[in-house]
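Same chain, two partners: subunit A is paired with subunit B first, then with subunit C.
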Partner chain A sequence: MRYADFTPYDIILLLQGLGVTLALFIGTTLIGLAIGLLLAVVHHYRIPGCRPVIVVVTEALKNSPVLVQLFLVFFGIPAFLHIRMTPVEAATLTISLNTAAFAFVIFRSGIESIDRDQIEAAKVFGLNRSQILRLVIAPQATAFAVGPLVGILVNQLQVTSLISVIGVFDLTKIGNILNLRTLQPFIVWAVIGLIYYIAAKTLAHVGGRIEAALRKSVKWGGI
Partner chain B sequence: MIVAENVEKRFGETLVLKRVNLRVEPGEVVTILGASGSGKSTLIRCINGLETLSGGKITVDGHDVSTKAGLVAARRASATVFQLFNLYPHMTALRNITLAPIEVLKLPKAEAEARARALLDKVGLAAHADAYPQQLSGGQRQRVGICRALAMQPRYLLLDEVTSALDPEMTGDVLRILAELAADGTTMVFVTHEIEFARHISSRIVFLEQGELIVDLPTAQFFAEDGGLAVPRIRQFLSKMKKD
Partner chain C sequence: MRFWRVIEPYIGFLLQGFALTIAACLLAIAGAVLLGALTASMRSSGNKLVRGIANAYGDVFRNVPFLVQLFFFFYGLPELGIYIGAFETGVIAMSIAGGAFVSDVILSGILTIDAGVIDAAKVSGLSRVKIFTRIVLPIAMRVSVRPMGSVLINLVLTSSILSTITVNELTGAAKIVAATTFKPFEVYAVLLVLYASLTTLLSFAISAIHHRLNRFMTGG
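== the complex of A and B ==
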């Protein structure tokens, strides 16, 4: 067996790469959704001075290449603030913020899709802010947001492949390594592509199920 | 008692309520009449705290609605039925009704639901407890809206044109329920264009004209030739209403 041949061990390598990709994706998704939600709530309550800052930052994140953001964080922040940052930290920070920007926009329109009238009714009946947020706004905004969020997340899963550029050993990086060793780019990248495809399809499928379940429990025809 | 003293409300430059004075005693049904844009809804929204006053004072059972604690107490004492129902679309009729009793009055769920079912039964919607607003007709939705208000066991019911989004048949259903409530001694502040109905259930009628409360009379006097009808603006308003 030549050094360049595929070996059974490569499967483990691929699984490791997939593990890193999924871990990073799940981690950044959770952080990103949490930050996005928080921004949408802050935006909703018009906390003084916050609105313009949120809008400018999220617009910048949405409308510039993720690779550029990644370089800015990985090379720029350490140089500027004189701190050390590992590739995984830089990748986590960048993609979390990027996801947060998209999630913010979706949550915001979810909140804005809710009729002001019901919120007035809830107020008049004595519900406080957090009760209104939790019981009236959140369930409706979530049902509204799930579909678009799944779309964004499927995209963010692909975007994680960019982190291989700064040296994170994700699925794409493993593909790179296998490709250099075997010099079989067609096979390697086809397999890597297929794995991303399966992961993305699974995600979309799960998201679709959640959305269907949510819509079933909230049967109103409005959205 | 609801007391409004010299209430003023402005939106930007326009003064929408001008030194309005109004008292509503327990047991009274007070109807607010007036042309479109005269400030009826705004007055109701000042009483339930959806608008902040630009001047004057409103108290509900002594609680000043312009203070934070006062508003909480005032909102406990009154309940509002809205023109467009304003139900929570993601909740069943039952849940719409029990939400505030459970969250605000801290009633046990079972008790709140039992009460809600009794109310639904009273308005002929016992079979629709688990329906979502979207699955109900306008008249049914408004009856849920009334149940939602009554479930808070309010001392005062505020109603702003609660039948104007309904077709005549459904209007009848809702008005019948309101007449029963009035007969039971429920205190109501009632904005409506249903003049005959107002005449039938009100103890007093007040008339708003461009933000000014120009007449405040017991119902019989309001419709008397030497009472309300002696005011040209009211005579004109009433004859126009009859034609519509």
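== the complex of A and C ==
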């Protein structure tokens, strides 16, 4: 047996890589959605001075390459502020903010999709601000936003492959290691691609089911 | 201005990288449109097998990260005995990935055309070529300017990933500058603003073209 051959241990290596990719994806998604939602709410209430800042920052994040953002956070910020940052911290920070920028736009249009009349009517009924947000805006905005959000998240799952460039041992990095050891790029990258493909398809499928479930309550069910 | 002081000696070098980015994007968009048009026509074909192949291509290349696709070609092509440079590999990978998205845009552009419009053109005695160039193309282009524009913008952002296979386009050049000056924050901050302004300008241009092509439409 040569050292270059595939071994059963490689499967564990691949699973480890997949675990890192999925953990980072889920973590950054949760943080990103929370920040995006917060930004959309701040934007909605027109807190003075916040609107232009939010719009400029999210547009910059959406319109620049994630790779450059990763380099700025991983190499730039530690050099500028003289702090230490591990690759995982830099990756989490960058991908979270990136997801937040896309989520903000979707949540904002979700909130704007709600008729002003509904909010007026809720005010007339004596609901206070937080009640209007929780009972009137949130359910409808969520149902509106789920479809586009699933699309963005499938995309963000693929974006996480870039964190291998700054040295996070995710699925793509494992692919790099196996590729260099076995020198069989066709098999290695096809397998890595297949794993990403299955993950993306599963995510899209689950997202579709959630969307269908949320839309059910929006549909008119008769009396 | 400290950012300018860091960047200034390397402006020429960065501009070279920028030229390479532009070249890669132009070649890739041409390749993507060719491949996308071919795929779109295959997807609207009556043959089940042809349709299946085209759909599978689009599905796979949209659901696998571009970095993985790029490595597949970069390390895989020499295995097949095809020895081409990193830049060429990058352009090919971008064209193939872009083609998957462009085929969607073209297909939905063609599908928006009412069959009645084409029937009317046939009855008026227009030749098939005339129908395509005077009726189908103008209508399809009107609706596909915006989605095509966002594919182009995505290609510009994607081109930064070519720096991982040793192509010294804008991001690759900036990596070298950051390593030489030991000022990564300044270099990458400028780079981020550059990319953001480039893509913002592009999206303004796309909006302008969209309005120009749709100037006869009312309410749109």
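Things worth noting here:
We take it that the second predicted complex is superposed on the first by the 219 of 223 C-alpha atoms of A that agree within 3 Å, B and C clash if a C-alpha of one lies under 4 Å from a C-alpha of the other, contacts with A are read in each partner's own complex, and residues count from 1 in each chain.
Methods note: contacts are C-beta pairs under 8 Å (C-beta built on N, C-alpha and C of every residue); 3 or more make two chains touch, one makes a residue touch a chain.
Quantities reported herein were computed from a predicted structural model and do not represent experimental measurements.
In the superposition on chain A, A:Gly126 contacts subunit B only, with no contact to subunit C.
Of the two partner chains placed by the overlay, only subunit C lies in contact with A:Phe186; subunit B stays clear of it. Looking at the superposition, the partner that touches the larger set of subunit A residues, subunit B or subunit C, turns out to be C.
In the superposed pair of complexes, A:Gln156 makes contact with neither subunit B nor subunit C. After overlaying the two complexes on the shared chain, residue contacts for A:Thr29 are found with neither subunit B nor subunit C. Looking at the shared chain after the overlay, A:Leu135 reaches subunit B, while subunit C stays out of its contact range.
Shared-chain residue A:Ser96: touches no atom of subunit B or subunit C.
Residue contacts after overlaying the shared chain place A:Ala143 against subunit B, while subunit C stays out of touching range. Touched by subunit B in one complex and by subunit C in the other is not one residue of subunit A. By the touch rule above, subunit A contacts subunit C in their complex via residues 59-60, 63-69, 71-72, 75-77, 79-80, 154, 158-162, 164-165, 172, 175-176, 179, 185-186, 189-190, 192-193, 196-197, 200-201. By the touch criterion stated above, subunit C contacts subunit A in their complex at residues 60, 63-69, 71-72, 75-76, 79, 153, 157-158, 160-161, 163-164, 171, 174-175, 178, 182-189, 191-193, 195-196, 199-200, 203.
Residues 115, 117-118, 120-127, 131, 135-136, 139-140, 143, 218-222 of subunit A are the ones touching subunit B in the complex.
Here subunit B touches subunit A in the complex through residues 48-50, 72, 75-76, 79-80, 82, 84, 86-90, 99-100, 103-104, 132-135, 148, 152, going by the rule given at the top.
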